[in-house]
Amino acid sequence: MTLRFALLGAGRIGLVHAKAVTENPQAKLVAVADAFEETAKSLIATYGGEFRTIDAIAAADDIDAVLICTPTNTHADLIEKFAHAGKAIFCEKPIDLSIERVNDCLKVVQETNATLMVGFNRRFDPHFIALKDTITAGKIGKIEMINIISRDPGAPPPEYIKVSGGIFKDMTIHDFDMARFLLGEEIETVMASASVLVDPEIGALGDFDSANVILTTASGKQCAISNSRRATYGYDQRIEVHGSLGMVAAENQREVSIEVATAGGYTRPPLYDFFMTRYIAAYAGEIAAFIANLAGDMPASPSGEDGLRALAIAQATLKSVNEGRAVKVSEVI
Amino acid sequence: MTLRFALLGAGRIGLVHAKAVTENPQAKLVAVADAFEETAKSLIATYGGEFRTIDAIAAADDIDAVLICTPTNTHADLIEKFAHAGKAIFCEKPIDLSIERVNDCLKVVQETNATLMVGFNRRFDPHFIALKDTITAGKIGKIEMINIISRDPGAPPPEYIKVSGGIFKDMTIHDFDMARFLLGEEIETVMASASVLVDPEIGALGDFDSANVILTTASGKQCAISNSRRATYGYDQRIEVHGSLGMVAAENQREVSIEVATAGGYTRPPLYDFFMTRYIAAYAGEIAAFIANLAGDMPASPSGEDGLRALAIAQATLKSVNEGRAVKVSEVI
Amino acid sequence: MTLRFALLGAGRIGLVHAKAVTENPQAKLVAVADAFEETAKSLIATYGGEFRTIDAIAAADDIDAVLICTPTNTHADLIEKFAHAGKAIFCEKPIDLSIERVNDCLKVVQETNATLMVGFNRRFDPHFIALKDTITAGKIGKIEMINIISRDPGAPPPEYIKVSGGIFKDMTIHDFDMARFLLGEEIETVMASASVLVDPEIGALGDFDSANVILTTASGKQCAISNSRRATYGYDQRIEVHGSLGMVAAENQREVSIEVATAGGYTRPPLYDFFMTRYIAAYAGEIAAFIANLAGDMPASPSGEDGLRALAIAQATLKSVNEGRAVKVSEVI
Amino acid sequence: MTLRFALLGAGRIGLVHAKAVTENPQAKLVAVADAFEETAKSLIATYGGEFRTIDAIAAADDIDAVLICTPTNTHADLIEKFAHAGKAIFCEKPIDLSIERVNDCLKVVQETNATLMVGFNRRFDPHFIALKDTITAGKIGKIEMINIISRDPGAPPPEYIKVSGGIFKDMTIHDFDMARFLLGEEIETVMASASVLVDPEIGALGDFDSANVILTTASGKQCAISNSRRATYGYDQRIEVHGSLGMVAAENQREVSIEVATAGGYTRPPLYDFFMTRYIAAYAGEIAAFIANLAGDMPASPSGEDGLRALAIAQATLKSVNEGRAVKVSEVI
């Protein structure tokens, strides 16, 4: 059986997923939609498929699944539309910036018994999978602490910041998902501190560019997250998990592993400087997992619920920063 | 000129300082006091000096400086006594567990114009000095974030926990001092989360063994500290400082630098498992700095004020944990 | 323009190249030949193309280039056949195990003005390219020494050893090519020592499994190569180049970059344990380079001459081991 | 019991040993001799002892052991003198540059039943000891290959080169000793290549500055040594031992373990740039071992025989370079 895909949104992440679909022997890219026909056509030239409108895709018999890669503010509407249309849905994170809207959307997913997978790609990074496997194998014992350092190479432009939902819903949300993924226990409480150290314009837009967050579970496990919108040395993505028997850490990634030694010292190249090169294997892995799940008739994961939970932690984090206190996730969900 | 020292307290840290004094050509160990004469005599057998009472030392003409290595609850009294006696004073941290008592004590130091250095030895660790030098040289630009991971190899016994003042005043206090040392700006606000994951007995005594702390300065710089009383892999002491132009990190230390590769992977030995071996150079360095300061007639550093500040942050941290809110250091000082 | 390819030999390396061709937008896999039709058909099922005989491919109008992935003893004949047929030729190393046969073959290539690229894939490894780029950029000054450590995860079976041409023509030949690639100067003299430490059966077949080789150029530059047919910790592939201003080293590669710390130490996973996973990017890169050269009408590189030179060094190395003396490459070529 | 030492030669290595003796509770520095009384007096000012002539020391009742730190060409004479005088002898390497002279000298040592330890300090480096311990513990199985990379930060001045005995007797001799120490089997054959790449003046003096050596044992174990008189990045001292079950490697050492990450990459400081700082622990360790051996009435190690063997390998290496062939150590001893 070959799964027939439609891609909604032919932007840069759409390109990544189109590639993953066409390279997968179990899948086929049938249709591509984009508000700009030119953009869709350009992608089609490389990866095949035909240009269609979203409505045509929803009505089509020859489409089994859709990949929603359109702007965030269209995600929830599209999920609902394609849930009603009976298509399996992969949606880029986040489902929506509003918890209420996400709740409504997930209700539709549930009522229509639709398949929904949310694009927390990092769960499919080989290094983080190895980390999770190490935990599962019991090598570090009972988890006590997680430390995530997650820094972007540079701050996005103001136009992006404006529609991003803020650092916690846009950037830290990946770390919140990783925390949940690794901890195996829900986050109960959030404490956070945030400031504007990188770009005053970010502050002018009411957002932050530097933050530290402490997440706590009911059993007292803790996860500390450190974020910055700037790292001159590349895309800094480290996770370490400390347990009763030991620790496991996933190291940073760079394009090539060379070291140059001179009178000035021993120098290795900077890190990957773009999330798409850093997480190239993760993007391919998540689409492969989506296809495998569909092919095996299994629930897709991460689920809509996972999307909701991470969003709620982000909301609670913002509340903690604003109110200077520990906030329970249950206050916002 | 040779500085003549008396050592008060001949326990394990007293031994370390006795060694540092005897190996320093500018210093001489003249007298040793200890509640247990036997303990003092044993130290004297190796490092020289004669056994005297504390009163005799305070009254002696042939003593220029004292090293206070007695139990914490005697520190403030001894500082006051030797401040009045006109001796230069090196005192192991903390001055006292009570901010009020420290304030009183520092008043005496000020009135008597005494020289007081507090034993935050880590400021003299060669790796942390290199880190500070890198910052000072401007290589990482303006500091934005500090991340300290500080884990003990194992929890101390309950008897120690009881008199320790709790994890923040006993263990994290070193990290608070490093944060101040590196940030170059006072801590304004503290948020913290703490739990008991390692040893329930620690919880039964009202203390914690696992904690995360976020410190914030007036300008929005942040320092995240992660502590655990247990690390199977050794004494985990990492600091990284992230700035506008880059980052500098001090790596963990181990006794030997070998790596064994087998079918099971590439393995390096665990870290140092004891603070005295890990910080052996730092201990020697701090006594050398004390002597150099005295010899040069310069103020000793870290000062009593440094001791007070770190203690106040510890107090604010505990308050933050207990009250689940951001606490200003000014609330407790 | 799309280049039309025929693949000769559908074994494991044929699969790797078929994938590279089909994923390249400038190339198309048109035909596949293999002594076993079943094997060819299985590859065709995944990557397309049609099954043809070698003669049919040589006679075909719709084939621009061939990829020779058949057994070594057929390489020279096939190169000559397709040189006469006017096809561009990519041939897996080695051209032949006999220098005389290679010389004859290259004469045909020259007379027919054929395009020939030899599959020294490591020149296309991203890490080794970065190493070469560092040298070219002048960062390490004038090259003085190269150290190559190259160890296989395990010895091949006796059947393979028998037809391999021996360790120097089969395994070290890659290192000889890298030495030439990096040194930018021909090898003049070889000294080598070899023994049987891994598997006595290898010795029984007249081959070695452990060897050290010293290559010297006319200007006195040296390259030391260390080989073993066994490394429990994976496929050990390190190169370092030392020059007047510094050194550059390419590190080993592993599948995932995690580190597990326990009471037993800090452990990273073993290395890749297979040349095809270790050099996956190199294989893709060499086919891309072949296509790019053809598309741009440029000479393909590494050339037949490169194949000959590496083989001659291998021959000289064996002579050095057998005669216990420094052997000039000019003695064998 | 306290061992009473005389130091012969108060140069820089004499200072190192004087410090080791004075810090050792089982030893006491009683006398110091030096051709320049001033030099001796300066050392005495720091470490104590009294100035005496060599003859006075040989005749003295209050001296148990001597440390020979004088120029190489005096070593053999002094060993013989003090062997006859009944003193225990520690002598810096080499005993002499002539194998014949060493043989004669060792005959005297044997006839007088004198205690002689030769200063191959690297055997006492904590990292190399850990490496040896790993081998002894069986963790890497049966040894097959050793790779030593040993590079000096910079070439010594011509005056030194002239009296050094050449690179193999001066520099590589340490690596030869390490090879013997680690292999646990005598070296049978040597092949080597050497050139002048660093400093033409070294060539003008008939010496080399860049060399590769392959040592082979009777059972076929091999050791590859790579030497250069120049390494801009510091004192490069790496050893790895490869065996049937795995590998163990001793890493390079630097003064501080920090890493600075900027847009230019991740940079660690250069290595130690001086043998005395790099091997500070080794120097202290060898004197401690000498004292412990004497105190325990055990034979001192490395022995005179060890000194002779390493010298013979050096001689064979030079012969191999000159004659372009594999040379048996038995040809020169």
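A, B, C and D label the chains in the order they appear, each numbered from 1.
Everything below uses one rule, namely that contacts are C-beta pairs under 8 Å (C-beta built on N, C-alpha and C of every residue); 3 or more make two chains touch, one makes a residue touch a chain.
Bear in mind that the values here come from a model prediction, so they are computed numbers and not experimental data.
*Asks:* Among the chains, which one keeps its Cα centre farthest from the Cα centre of subunit D?
*Replies:* Of all the other chains, the one whose centre lies farthest from subunit D is A.
*Asks:* When contacts are scored as defined above, which chain pair ends up with more C-beta pairs, B-C or A-C?
*Replies:* Counting C-beta pairs in contact for B-C and A-C gives the edge to A-C.
*Asks:* Rounded to a whole Å, what is the gap between the Cα centroids of subunit B and subunit C?
*Replies:* Taking the average C-alpha coordinate of subunit B and of subunit C, the gap between them is 58 Å.
*Asks:* Hey, how far is the Cα centre of subunit A from the one of subunit C, in Å?
*Replies:* Spacing between the chain centres: roughly 40 Å.
*Asks:* Could you list the positions in subunit D whose residues touch two or more of the other chains?
*Replies:* 231-233, 245-247, 261-263, 269, in rising order.
*Asks:* If each chain is a dot and touching chains are joined, what shape do you get: line, ring, star, complete or other?
*Replies:* Shape = complete; every chain linked to every other.
*Asks:* Can you list the residues on subunit A that touch subunit D in the complex?
*Replies:* Against subunit D, the touching part of subunit A is residues 231-233, 261-270.
*Asks:* For a test of understanding, state which residues of subunit D touch subunit C in their complex under the given definition.
*Replies:* 142, 144-145, 147, 149, 151, 189, 191-193, 195-198, 210-212, 214, 216, 220-222, 224, 226, 228, 230-233, 236, 242, 244-247, 324-326
*Asks:* Going by the contact rule at the top, pick out the subunit A residues touching subunit C in the complex.
*Replies:* 23, 25, 46, 126-127, 129-131, 134, 139-140, 245-253, 255-263, 269
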